[in-house]
Amino acid sequence: MSSVTYREACRQALRDALQRDPRVFLMGEDVGRYGGCFAVSMGLLDEFGPERIRDTPLSESAFVGAGIGAALGGMRPIVEIMTVNFSLLALDQILNNAATLLHMSGGQCNVPLVIRMATGGGRQVGAQHSHSLEGWYAHIPGLRILTPATVEDARGMLWPALEDPDPVLIFEHASLYGASAELSDDAGPVDLTRAALRRPGSDVTLVAYGGTVRVALEAAEALASQGIDAEVIDLRTLRPLDDETIVHSVRRTHRAVIVDEAWRSGSISAEIAARIMELAFFDLDEPVARVCSAEVPMPYARQLEDAALPSAPDVVAAAQRVCHG
Amino acid sequence: MSSVTYREACRQALRDALQRDPRVFLMGEDVGRYGGCFAVSMGLLDEFGPERIRDTPLSESAFVGAGIGAALGGMRPIVEIMTVNFSLLALDQILNNAATLLHMSGGQCNVPLVIRMATGGGRQVGAQHSHSLEGWYAHIPGLRILTPATVEDARGMLWPALEDPDPVLIFEHASLYGASAELSDDAGPVDLTRAALRRPGSDVTLVAYGGTVRVALEAAEALASQGIDAEVIDLRTLRPLDDETIVHSVRRTHRAVIVDEAWRSGSISAEIAARIMELAFFDLDEPVARVCSAEVPMPYARQLEDAALPSAPDVVAAAQRVCHG
Amino acid sequence: MSTSVHDEALALLRDMVRVRRFEERCVELYSAAKIRGFLHLYVGEEAVAAGVMRALAPDDAVVATYREHGHALLRGVSARSIMAEMYGKLEGCSHGRGGSMHLFDVAHRFYGGNAIVGGGLPVAVGLALAEQMQTTGRVVACFFGEGTVAEGEFHESMNLAALWRLPVVFCCENNLYAMGTALARSESETDIALKASSYEMPAWPVDGMDVLAVRDAARHAVEAVRGGGGPHLLELRTYRFRAHSMYDPDLYRDKAEVARWKERDPIPALIQQAQIAQDDVDGIESDAKAEIDDAVAFAEQGTDEPVADLTRFVTSEIGRT
Amino acid sequence: MSTSVHDEALALLRDMVRVRRFEERCVELYSAAKIRGFLHLYVGEEAVAAGVMRALAPDDAVVATYREHGHALLRGVSARSIMAEMYGKLEGCSHGRGGSMHLFDVAHRFYGGNAIVGGGLPVAVGLALAEQMQTTGRVVACFFGEGTVAEGEFHESMNLAALWRLPVVFCCENNLYAMGTALARSESETDIALKASSYEMPAWPVDGMDVLAVRDAARHAVEAVRGGGGPHLLELRTYRFRAHSMYDPDLYRDKAEVARWKERDPIPALIQQAQIAQDDVDGIESDAKAEIDDAVAFAEQGTDEPVADLTRFVTSEIGRT
């Protein structure tokens, strides 16, 4: 065991994949010489050379599409889109090609592509650089959407993503890169199919993912001191959703609060709320509550950004409401 | 009164706007010489000339962005994106500029832009040409999302959209263009703020929009013959949603079925279900049901496409389930 | 003319006639509602696909657009499986899921059938990257129309391919119109080959109504690309004799212009140029007819995929390949 | 040198010094955590904005990037309101909502502050379309870096502007790097001015370290554009002396390369070339310092917007304008 940052865990996962499979390569803006916008790929260019650590021009659509083509052609590309904010420029390739080719070709053209990107707000970088769109991407059939919230998942999700014959998007919350945790030296692939119980509890289920897991955990601690025993579920995978784990928990707690950094309307929190209602309506004592970001482009000013993002006190308040009516 | 097609109503609305306001112009692919991909703008080039009916190159991002700039510069552009399927190429401009400039500039740069596009499936045009993404777009703060389902709304929504100081997206369901209805000769602007009750009923609320309104109405007829009196709400505007009309209905019927042509997970049907739960949980006798498209890129084969889309029998079955448990 | 040259001309004629007759049959079948959805025909442009395909090796890859029946057919995808696809049958080359715009056949390295204008270019670049990284010596041919040149993806793809010296031949089918939009109303500079200089990419215009010229140009380009010369762009100047699609009333072109181009029909042009005997033409015609009749019969007997299988092919059924 | 020429040199020096000192103060304030988020500095590139802005009329429009403090300042946006913006205060030019990357001031026709690479170009094209349609005779200046040239939006915007002969001057600030990516590793053809020929657009390279050369080139281009000559592209060859942003460890450039470019610092270069007296320089420096001190004091006393107002500016508060 040693203490490892989320950033280092991402890098270890990349290194491991590059070592294990000669078909794997990394491409994206500034992944090489610069070392990655968030220093995730620092050192990999020296280790693996420019053929496998490829700096691309600023051409999101072309290099994401090139990742799709390379995947069709027998490689196992990892494409880094610097941040989710720029991924809209490549969305046509992601939706109309990556997610669709298998189907349009009647099962012939699977696309074993992994796309990584940083996501999320909280760093005062303003309205064009603070999007949380991973739940939005989860609308698209044919994609798998991963949101590692822990160092272990940052380390372990990449390899199974590469083993998936279909396209996988990995969203790394930018505010997590500096977080550290103990990681076993032989840490490796993790299961992608199940949500994780990050904290057991019996009074209310807090459902979170990516950047909001720690918000939920912090809220759970605060709630504990008020005598409310909250269970915290980390979704881990936003598509396909692990309904079973969620419903299993809600059947016991009878109450749920979803914590989602996306804008509220049309966020994945709505899908989760709808599913809980569909699958466990008569188990619910109260309507499912949602704590999301305010529906506003992210303001620069600190106090406004803080207010826009879901916070532990917001979650505590919501949990209190569903617990005490 | 005269019988008018949805297509003609769209054209009348365009003509009217072009006549009323010299700042209004239409631009997009093949809106001029070709007369519009769906013949909506047929004849307008002759009437208004190439300055105001502008054929653009195939450059979705540039001409949508140009619409934003022209709006900032004092014009009132109507940008036609031929179909929603190609709008992904312009999504960065829509999200990061059109929807965001007002906020980033602290209220200075409002963007009075209208973007029209055809949407929806059902014409056997396959996986890249059958998207239903209007509900997905409704996630974005700063946009108003309109989905005219009737000839009257096709005629009446454009002008108030142009009067809106902020960006408005109008989604015209491609399968509606040929539909006709009686329209008063002096038909004009309609209110955008409220959903419409298309059929009153007392047993169950069917919530629909755009292309699914007629599916819901057809289902309501079938249900009537089975003794189930369904109310049909046409949302008309997907952002902002008119919660009040929905909740008001559900408070009376205690049951709801949402009919949405989008892929189920993360569709706006989830948002509506979540809101109903949040606002009227204790009025519900049964969980809100959703009838959506299958989560599959649209197949070409007729029987598969039919099966993928929400149909009246699907809605009837769902309504029966929520009514009879 | 030597025998081998004559034989090749015959083969090219056969290619073009097969496509022409296939397309014409599609029109009939569309009218009969056997084929549905969008249908984009290649009539008039056959020399382009015929000439380019001859220059490719069997394991080279092809990426095409929604106007790709001819490309698929000449790539070796069977008329049967193409026709069955347009019928939406299980026996179709895309399992009936794709339709006219989405023909795929990985066995022939035919990667679609892309119906987003420009969407195929980055994919072709990526396929070429895979070839380069695996040092296969293979080449990728990527077809698209002149209207596509205005799209950002054209620009990004050209640059990326040239920057990394990837083995792609970009084949721009300049038929002068993008739906109803004439080239001069979509490009400030209408010389498409010239645009390649922005990427330091070799490019030249080719008479796309002359199948021998297309073949020669394509051979030259493919050889250069295969030899490590980096990507090339061919501007193939051609014309579509029919409307953009079955929905298009074709009101934006001068009838005289269409007539002028029809005088340059690549099929009679080749017959004349290569002095192909009427007997040979007749044989090719009847072979084509037989092949297409057979394809239609095959499609007619095709299977409708059961609705229970609707959600197949959203994710892979097999594990990692 | 005539008095008026000397006066203009003094004015240009003043412009560059104001920007230089402003940027340097920003560094300090960033270290003191007064400014947060991303911060992209213009140090070394001042001659570009200084030269171009002098060529514009007050009612011409400007679109810039996230590296736009200098452009805003020289456009006439007050140092106070820019600094207050970086402090996130209500008195900022974007109400504290935008920050360093999103400076806006419609009164000065300064349309941002766009932080998506390439995202400002289509907007500039649209502003120019509005000018053209309203026959205002105004011009739009659009700034962006050389890395942006690889984006599809560059290509689409150039073509659209040229096709419609819109009054835009595209000002490409070629500082040789896009974050850590050198031009030669992002463009197969590194001659940026040459790319304009794909659009039949006039373009030429300019020494971006020589403020007089920039001003002359910009005047020439702006006049031509205003006269109906259609859009122009200027490739302004410059260099950033500092890292890409405050987060950038700047490991990808050779120290010697940076040092070589610093020898071409546009500020001492102008002082020498225009033989500006030390007294004048001292005056300009102390004015700049006073202006910036005042701006900082103003920002320090700025108001934090109440959290209750969070959801303002999502939709307009006023009706149709």
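Should a chain be cited, it is by its letter among A, B, C and D, assigned in written order, with residues numbered from 1 in that chain.
Heads up, the rule we're going with is that a contact is a pair of C-beta atoms (placed from the backbone, for glycine too) under 8 Å apart; a residue touches a chain by one contact, two chains touch by 3 or more.
All values reported here derive from a predicted model rather than from experimental measurement.
Trainee: Please identify each chain that touches subunit B as well as subunit C.
Mentor: The shared contacts of subunit B and subunit C, listed by label, come to A, D.
Trainee: Note down the smallest number of touching-chain steps it takes to go from subunit C to subunit D.
Mentor: Minimum number of steps from subunit C to subunit D: 1.
Trainee: Averaged over CA atoms, how far is the centre of subunit A from the centre of subunit C? Could you give it in whole Å?
Mentor: Taking the mean C-alpha position of each chain, the two centres sit 40 Å apart.
Trainee: Hey, how far is the Cα centre of subunit A from the one of subunit B, in Å?
Mentor: Roughly 30 Å separates the two chain centres.
Trainee: Distance between subunit A and subunit D based on Cα centroids, please, to the nearest Å.
Mentor: Going by mean C-alpha positions, subunit A sits 36 Å from subunit D.
Trainee: On subunit A, where are the residues touching two or more other chains?
Mentor: 56-57, 59, 61-62, 85-86, 89, 92, 96, 103-104, 126-128, 141-142, 295-297, 299
Trainee: For subunit D, jot down the residues that touch at least 2 other chains.
Mentor: Counting only residues that touch two or more other chains, subunit D contributes 94, 96-98, 102, 114, 116, 119, 150-153, 156, 159, 163, 185-187, 313-314.
Trainee: Going by the touch rule set out above, what shape does the chain contact graph take here: line, ring, star, complete or other?
Mentor: complete
Trainee: Which of the residues in subunit A come into contact with subunit C in the complex?
Mentor: 25, 51, 56-57, 59, 61-75, 77, 92-93, 96-97, 101-110, 112, 141-142, 144, 163-166
Trainee: If you look only at subunit C, which of its residues touch subunit D in the complex?
Mentor: 150-156, 159, 162-163, 185-189, 194-195, 197-201
Trainee: Quick check: in the complex, which residue numbers of subunit D touch subunit A?
Mentor: Residues 36-38, 85, 88-89, 94, 96-99, 101-102, 114-119, 147-148, 150-152, 178-181, 185-187, 248-249, 251-252, 304-305, 307, 310-311, 313-314.
Trainee: Applying the document's contact rule, which stretches of subunit B touch subunit C when the two form their complex?
Mentor: Checking each residue of subunit B against subunit C gives 29-30, 33-35, 37, 55-62, 85-86, 89, 123-129, 294-297, 299-304, 307-308.
Trainee: What residues on subunit B touch subunit A, complex-wise?
Mentor: Against subunit A, the touching part of subunit B is residues 61, 85-86, 88-89, 91-92, 95-96, 99-100, 103-104, 126-128, 131, 135-136, 138-142, 239, 241, 262-263, 265-271, 273-274, 277-278, 281, 284, 286-290, 295-297, 299.
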